[in-house]
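Take a look at the following structure, please.
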């Protein structure tokens, strides 16, 4: 009776290495167009520099991709997050305009986002509507709801507490950075220190098997959409606070696509299963770095979309399985068809 | 909330006066209320009609041409004295305009023009986008008075006609003044959020102290940029001069606060000149010009911006 | 067919084939001779190197050493397409045809008869009908492939391979998902192919089938040839011994009639309309109840109903005398039920998760996500079951889908044993797994019963049912038709119960 070898657990670093490399390249591009990219000053009581901007401006997509990663891990997708951002921002703004405190306003916004998440979860988990269709409903209708709340205008406010969440700093660090880092840590900890992460992955890989193993897939599915809604609500509050106003037409517009892209760049499969929130977050930073290259390059705006498309295309091509195999072959020399499965110690290396 | 109360108040106020005057009944087909400016245009049009004792029949088309055509036919059937329309699209109006012409009801276009024979409408009241940009450029030329100035520009949505025309107008305005130079130009999508983000990158890429002025294609982007400038530890309006277009209430407030220097008005009052022309035409047949260009009024710190802000803030912007 | 040892001319002769993967020798100096007109079984446990050898023959892998001669000519196929043209056709367990095309299109894909630049559809269909008739198959070739059963699809795949290649036909586990009649249909076809003078390589886990259809066998173990033999000269036991390298202990029936145990489960009139007729069943601790019946007789449905995987629409279940609700598997797991499903890939394993996670999945699900099992405890559970069940793996971190069928099955057993169940349902526990694991799982069932667990085992392997069941329930057409106990439990009696129309 052989006892199985206790290999080292697959390290997180190894998992996120491709994303880190791409982020490195994206940052290097920034330096190429703007040599002082990494310079950080302390100005007007806050850290001031392009790198800080990348972290700060990446906050909405970073927040969205935390929830999106979990949703995608269950083989789902949440198209409604952009619209939910608009709703949450509108609710928060309307609350402070009516004289409530910023804490109440944030809670109300989170409640609105949570409600949206529960609605999506209900459609997906209970009514068994395909996630892409189920969340499309709110994607289309949500912005209308937000406009009802703001009565069609940019609802401006000057509540210092609320504004602080978007434009303020804590010890010189812009608050949004701290918020997304904290939420990322909280959620990562929440899914990895409990069994939640594994159960979510199990559902995404094989829901039938998971159900037969006694996993309550319905509740877990509703949960991930709820988390996605809450993340979107927080992102919406930050975006509104940043400009001291809730812009129902534009807040979070198309950000759902950036969030999905971040998850994909993070190497998470759209077919569900194993996920890494950290890798998705790096994906969000990669996207923001690409945006930064465009802004710093000084090229006319007509080139924006072309440049972004080319850079993203490049990233996805590099990550594609074929190219990955090619690079692997270059490194390992000698063709490597998949070895026959059982009792070879080579499995780990070959994958 | 405030908007509703105002509207309600004006309707109530309007009713008895209209009965007294009972001279003219005019139909107004509005596109909808997709933006603050549009809402303000509606409010101002109602106020202008009320001021003149004109009965205004208002129809909101909710962005649909067929609703506007329906509204026009209904106005014609009711035998109104004249029709104001802010057309949602440029084409497809010939038939209904001919029906109006057959009924001898003059039609005035507001804010936008149509692709139809000019004889089918009395006149069009619109602003001149290029002119607005030019006024902004000329203001900056006189403000700088020969001093060197590196300008950053926040463009509107790439490819949209306001972005193209306002950029061209501004370049005309500063043409021939080599001391003025646009060093960075990037789109801010007409939104506050993008205005702020792009301004942040300008401040880093150029260095805040090397930027002397900001030209934004609309006030929303300028308001976003003001926040970015403040967060960078600079004083908007002083360290960096700011000129933008639209003259929305928040821009007046920013000027009053000394954080912005100038804004050029895209007036929501298209109805004033339109009604004036109509009254003259209906009274003695005076043919107005085919195009009435609204004034692109420049507002600076010299104006009483706080008063203007208070006057404008309830228009629905 | 006469087989003279002096016959010098194999159709295909592989000599000294070796294949290395980093750190392992998958094939070590392997010889294989295929004679024309023979069915040659390729035998070995999972991982012995059967698939690797086939892949080297068909060009899917590049061999690292050795020569391959086809009709006396050296050949080196670089791809499966190459080998097809050379004359080596392969048919896999999962039929590799295009399900949305018609039978005839599948048969002639890539070489359709043409007429003035268009596919001569009528001629193609007529030819296809003739070809299939040659295999004793009378079907409409203009129908889409999916209109027919897997067995018929297999035959179409074989016909295509024979038409295209015509020298060597490799059948990789062709019978794994076929029922008894279908296997006979397939064997009829294989005999025809053999009569045409082709060499047929037959790979399967079913030794009965090997002896029924094959003339000769090559046995592999750990990448080496252990022996080549004429099957008429050896017994099943000899072959198993060669495969395992050790004497398989005879499955001696030690029916324990001693302690009947307390009644654990009392099922009364449980059923679901359109799925299974209401049935009643009592299961006591320390007994194995076997479920017998043909494919589609309702074995799996019965198991799923008792586990709550499909909610029943009438009847009740009493656990130790108290009625319980079974609306879903969670309810069942909470009452310490466990179910190892029939279809491992779809209902059992969570393929991309590690073996470790798969083993603790049910236990963790029962505990709830709030109370994660500590890492050390997980390691302890996983390690102990890997040892106890002899699950062979490189690492507990490897995704379970990379394990062989037998090891996957053991890992699933480990998943449920880790929940310490009172009642274990096994649906086809030995399907598609190798001989060694087969014997181990049967021994395990005995062991669990002796320890006082109640088991319900559905299986189509009669010998197996007879070996471990204390009672056997026979199902036919989704109804219980018979219950056998004690000495009544013999393969013949079960077959009689299945076959006889209910006279009572």
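A few points about this structure:
Labels A, B and C are assigned to the chains in the order they are written; within every chain, residues are numbered from 1.
The definition used in the following text is that a residue touches a chain if its C-beta (ideal position, glycine included) is under 8 Å from a C-beta of that chain, and two chains touch if they have at least 3 such contacts.
Just so it is clear, the model here is predicted, and its values are computed rather than measured.
Common partners of subunit A and subunit B, by the touch rule above, are absent. Central chain (C-alpha centroid nearest the global protein C-alpha centroid): A. Farthest from subunit C in terms of Cα centroid separation is B.
Between subunit A and subunit B, the centres computed from C-alpha atoms are 38 Å apart. Between the CA-based centres of subunit B and subunit C the separation comes to 76 Å, rounded to the whole angstrom. Between the CA-based centres of subunit A and subunit C the separation comes to 43 Å, rounded to the whole angstrom. Note for the complex: subunit C touches subunit A at residues 21-24, 26, 46-47, 49, 51-52, 55, 60-62, 307, 309, 328-330, 332-334, 339, 341, 346-353, 357, 361-362, 364-373, 379, 383, 386-387, 390-398, 402-404, 407, 415. Residue ranges on subunit B touching subunit A, taken from their complex, read 1, 3, 33-36, 39, 155, 158-159, 184-187, 189, 191-194, 196-198, 200-201, 204-205, 220, 223-224, 227, 230-233, 250, 316-317. Those residues of subunit A whose C-beta lies close enough to touch subunit C in the complex are 1-7, 9-10, 193-196, 198-199, 201-202, 205-206, 208-216, 220, 273-274, 335, 337, 339-350. The residues of subunit A lying in touch with subunit B in their complex are 34, 36, 43-44, 46, 48-50, 53, 57, 151-154, 156, 167, 239, 242-245, 247, 250-251, 292, 295-296, 298, 300-302, 304.
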